[in-house]
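Here the chain labels run A, B, C and D in written order, and each chain numbers its own residues starting at 1.
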Amino acid sequence: MDRIPVAVLGATGAVGQRFVQLLAAHPQFEITAVAASERSAGRRYADACRWVIPGDPPSSVSEMIVSPLEPPLPARIVFSALPASVARELEPHFARAGYAVCSNASAFRNEPDVPLIVPEINADHLALLERQRAERGWSGFIVTSPNCTTTGIALAIKPLDEVFGLRRVFAATMQAISGAGHPGVASLDILDNVLPYIGGEEEKIEHETCLLLGHVVDGQRVQADIVISAQANRVPVLDGHTICLSLGFDRQPTIDEATAILAKFRGPAVVRGLPSAPPHPIIVRPEADRPQPRRDRDAGEGMAVTVGRLRPCPLLDLRLVIVVHNTLRGAASGSILNAELLVASGEIAYGCLPSA
Amino acid sequence: MDRIPVAVLGATGAVGQRFVQLLAAHPQFEITAVAASERSAGRRYADACRWVIPGDPPSSVSEMIVSPLEPPLPARIVFSALPASVARELEPHFARAGYAVCSNASAFRNEPDVPLIVPEINADHLALLERQRAERGWSGFIVTSPNCTTTGIALAIKPLDEVFGLRRVFAATMQAISGAGHPGVASLDILDNVLPYIGGEEEKIEHETCLLLGHVVDGQRVQADIVISAQANRVPVLDGHTICLSLGFDRQPTIDEATAILAKFRGPAVVRGLPSAPPHPIIVRPEADRPQPRRDRDAGEGMAVTVGRLRPCPLLDLRLVIVVHNTLRGAASGSILNAELLVASGEIAYGCLPSA
Amino acid sequence: MDRIPVAVLGATGAVGQRFVQLLAAHPQFEITAVAASERSAGRRYADACRWVIPGDPPSSVSEMIVSPLEPPLPARIVFSALPASVARELEPHFARAGYAVCSNASAFRNEPDVPLIVPEINADHLALLERQRAERGWSGFIVTSPNCTTTGIALAIKPLDEVFGLRRVFAATMQAISGAGHPGVASLDILDNVLPYIGGEEEKIEHETCLLLGHVVDGQRVQADIVISAQANRVPVLDGHTICLSLGFDRQPTIDEATAILAKFRGPAVVRGLPSAPPHPIIVRPEADRPQPRRDRDAGEGMAVTVGRLRPCPLLDLRLVIVVHNTLRGAASGSILNAELLVASGEIAYGCLPSA
Amino acid sequence: MDRIPVAVLGATGAVGQRFVQLLAAHPQFEITAVAASERSAGRRYADACRWVIPGDPPSSVSEMIVSPLEPPLPARIVFSALPASVARELEPHFARAGYAVCSNASAFRNEPDVPLIVPEINADHLALLERQRAERGWSGFIVTSPNCTTTGIALAIKPLDEVFGLRRVFAATMQAISGAGHPGVASLDILDNVLPYIGGEEEKIEHETCLLLGHVVDGQRVQADIVISAQANRVPVLDGHTICLSLGFDRQPTIDEATAILAKFRGPAVVRGLPSAPPHPIIVRPEADRPQPRRDRDAGEGMAVTVGRLRPCPLLDLRLVIVVHNTLRGAASGSILNAELLVASGEIAYGCLPSA
């Protein structure tokens, strides 16, 4: 089977580099174009980007000439690592031109006809695509993946919500610097320090979590009825967001019940076996001092959320701590898993390009 | 006026060193003895301790010979920086022998007749000393200062509690490594990492805060009726604990009300003007990204709690972030301020030693 | 005695902020103007600068309106914290207009008629000012202070050079991130990492050290005949450059001789007693593991160079390690000490402004 | 082909864990025993060791019961991660009992009849084994691998020495905290800091490098005639030692010559193709700011030394910077590569245990 040709938009940035790294080794996809802003377009990829990931750019991509950020590109799927404002303008051009746009940007996450997907949580939200096509008249489409922190939280609480009915969430985050891209956070601001503010992050966590845990009813996305209070902080950690959660349910789970439900979670059948899907989307650790970002971020190739410290909460029902790899599960790998879901769901046909 | 002779118990440890550093420059107190465990006793102080604070041990103390941890010591007040288990055994020896013991250890914080004091919050709890003397028959006494994190939380919520009636608290902490002493946290455990567990810390926060905000009624300490849920984390910061708080009140304050009440807080009259009391125990910062531990821990010579990010909470009433210097306000300076309060309250007479 | 009115050029940058912090508390100088680029000019200083130093901008300066970078300014001395390229263009404007320019920029350090001064080393190089005035026809003048790393190295080797005749130097540096200003080094580049390259740094160390240790003969500056090989690295340290040195002399000192000569160094009489001059410009520490940047950078209010690990070298004669505070002795405080020297030398008269 | 049974001595320590992690996935070796001190012996491996490496202990080893540190063990090769003083006493017991001891400890590195091996450098030094057997009468033997820093330096200079005749070396190191094991360096000592001293390290670098680059003549190891001056520092980096080198040769290489010789280095034929041997033992990077420990330590699975910044030296001939992974190439993987060399050289027969 031939691999599906894919392009990366914003390929020279920190998240774009992760896309390139991951897609270069992907069994289903083949990078056929890397696109970036005017400053980079026309240059060798290896020259245009300051590679910030360990190792080197994959040799299959290093020599590619960076394309401008516009159709046509010789690809069927375009992965978008664009900043939100740029994504807002450019992603529709690609959808209109027939491409499947798998976006990591926040630009369209809140649109009622644009699926916001974490496959293990809400693969069925792809049903919104029908409405998207009908309303927008695009021959392609846009599917989005959520904010990195939200992805981790939503994955960890989904199985508990299903059984116990989640109503209230306190979330205090300790987020890695890679979440701000490169150059991102100045070292003078974060060494021996904590920054108790990340612009827009708390709002995203509070809102997108309810979208992910919502339901599609009659083609409409209905948000979950959960009240969330988030406090977001930046800490001197390279990769891996750590989040302290307190959860309140309709029915209080015992610690053993909650542990068992988290540990056995697998997500829907359509997701299992996808190339980027981890065998266990949630890993429960029994040690008193886990999860830790450096030691747990790479669990399941960076696609598993690690959960620990399950214990009662004096105010709500349950406390726990989670770690999610923010640039893998929470960004590039998350969007790639969405693309794999689209392929498995028949939304993307092999072998024909939009321009064909 | 002569300075009051004081001794430091556990003088060679990290907190003990802070005591030595601060007391060597104190206008009311004069270090006349440094005591430590058998391993150090009999040695020159400068040789016995591995100084972990910037600069050098004060020259007035360097040449002292370390005393064993037992009375008599040529002092009126003994400051205890002992580990809890050692403090449990030894502090009563000193209290019985007539010394005023100002303890930073947790050993006696929960005893109903031992004041747990942060002067700006509950100087009136010294009333428990009468009961302590009556029940224990000691010629001296023990006064304790709370856990470092608790000190910061209790200071920040006290003025709000007085006006609005605090009922519920969520606290997620990001604590500095100096809180674990030296050698304390291994660098391999904390560099590029977060440790989501600090043994006993959450329980201390949840319990001691209610003691501090309680009231002494008929010689009995009545705990405050506040439910607290704490999640404690260690982060790669040298000094300064950062704490995210969500607060629920009997009556919801507006952000402006809360800000004004925090900013104008001074504590009771007896505290103002004490040598270690900061002019403003609480400093409210308006910037979106403050307080930060490295930039705010030294506010008010490390004795002020810095508060910021006051904003509504979707679940409770108010969210905010605070920073407290854990080894100054939260440890050594806090105990010294207690001793200053004892002097101002007439509990410690100048000029006569217990052994006299 | 009135204080001398001074201005800071580039006052909103990281080094400029240090100037402002230090000058606001200076006994001889009074900040009367802060100047910065067009982006900041016309704004309140506290609004125009993102304060990266612990604490807050001094209240005496916060409300000042930032001036543009051009004469006239209501000052007698202007301290320059400008980038080299900007300094190259603008500093002569001020010198021509009659101001004493004390520059921390590298722009004019290599000019044969511009003194490059560390007062304890080569106060006598001020003799070049006569030539500068004669050749340039300025009513004011420019005096420069060296690169931060160079300052530390030159101070540590000067007393040894005088006695033993220094010929060869190996220097490997581990430099703090504050040396790159703000935002400067991206946290993604330096956390858990070392950057083995700092643009232009090695050349500055190798050249400026020879200028500082040179002599003024017949109005000409003659470089010292020393061969220096420098390797410069950036490490995750906030402040304080650490430098490993190996030194080769005409006559090999014993360790005791070298130690004694360093410990007793005071610099020339004209420098002692200047407000910013430390009582001991060089502090020799006997511990095996000192100096360390965090523990020694603040020695002598950040103006002393701390030296340790003196031991023989298998290849040259002597090995040692030094720490210098890069933004104090190595930048702002260094230039201020130069200004104090100019006052003490009669080069700056009190009470008359250039525009008067 | 059956895998050779191997044991790890000191299996619960930081280096021991690396051995376990690597050997569990090794194509030639199979862990059949893990041994540690009395405190751990008799316990489940997963319980006895506090795993400090990302991920979990390999499942094939987790359930093993830790053996005491004495023969017999059901193995043919024993890898020693023991502290030097313990190794001094115990390694001979195993050699006498017939085991091939591949030691990472320093205890026997300087013995004239014990090979100190980095296979790409001096595989021929195994010739010393004949003498070792003859003199000691052991049925097994001891082969050692060098100090971690020395390994990197020796690998980088070996190809240049062969061609240009190395005579003098300046080395300034910036070493990772993992080199001190766990708990090792206290976080309070290294965060925002540099420690300019590592006990014994400089002497090891200066001596062991000459052993590695020496020659075996008539069964005697003759040290290389190179004068080395080392300055060792600890920096806040997790893994990967960075070393600045200045080299003086009999004949000065051009930068192009040196670059070409380093880039084409492969080591002797017997080493190529060993499972742990990297295809390129030395990787030369052209970027101005490489190598960096975080970005280059994992080159060649942590077995390649990365070299950069080749440039002339004002004092000697050539300057460069290298990075070596201290716990892989510099410790566990290095000893494993030695074992692979021993297998390939016929020194270890498959299938028969010492006790058989």
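The rule is simple: contacts are C-beta pairs under 8 Å (C-beta built on N, C-alpha and C of every residue); 3 or more make two chains touch, one makes a residue touch a chain.
Remember, it's a predicted structure, so these values are computed and weren't measured experimentally.
Peer 1: Using the touch rule from the top, work out which pair, C-D or B-C, shares more C-beta pairs.
Peer 2: C-D
Peer 1: Among the chains, which is located farthest from chain C on the basis of C-alpha centroids?
Peer 2: If we average the C-alpha coordinates per chain, A ends up farthest from chain C.
Peer 1: What's the distance between the Cα centroids of chain B and chain D, rounded to whole Å?
Peer 2: Here the centre of chain D sits 48 Å away from the centre of chain B.
Peer 1: For chain C and chain D, what's the span in angstrom between their mean Cα positions?
Peer 2: Inter-chain centre distance comes to 43 Å.
Peer 1: Would you mind pulling out the distance in Å between where the CA atoms of chain B average out and where those of chain C do?
Peer 2: 40
Peer 1: Among the residues of chain A, which ones contact at least 2 other chains?
Peer 2: Residues 191-192, 236, 238, 294-295 of chain A touch two or more partner chains.
Peer 1: With touch defined as at the start, can you tell me which chain C residues reach chain D in the complex?
Peer 2: 168-170, 172, 174, 191-197, 199, 206, 227-229, 231, 233, 235-238, 242, 244, 246, 288-295, 308-309, 313-316, 319, 321
Peer 1: Along chain B, where are the residues that touch chain D in the complex?
Peer 2: Spelled out, the residues of chain B in touch with chain D are 14, 52, 177-178, 182-192, 236, 238.
Peer 1: Which bits of chain D are touching chain A when the two form their complex?
Peer 2: 54-55, 191-192, 294-296, 298-299
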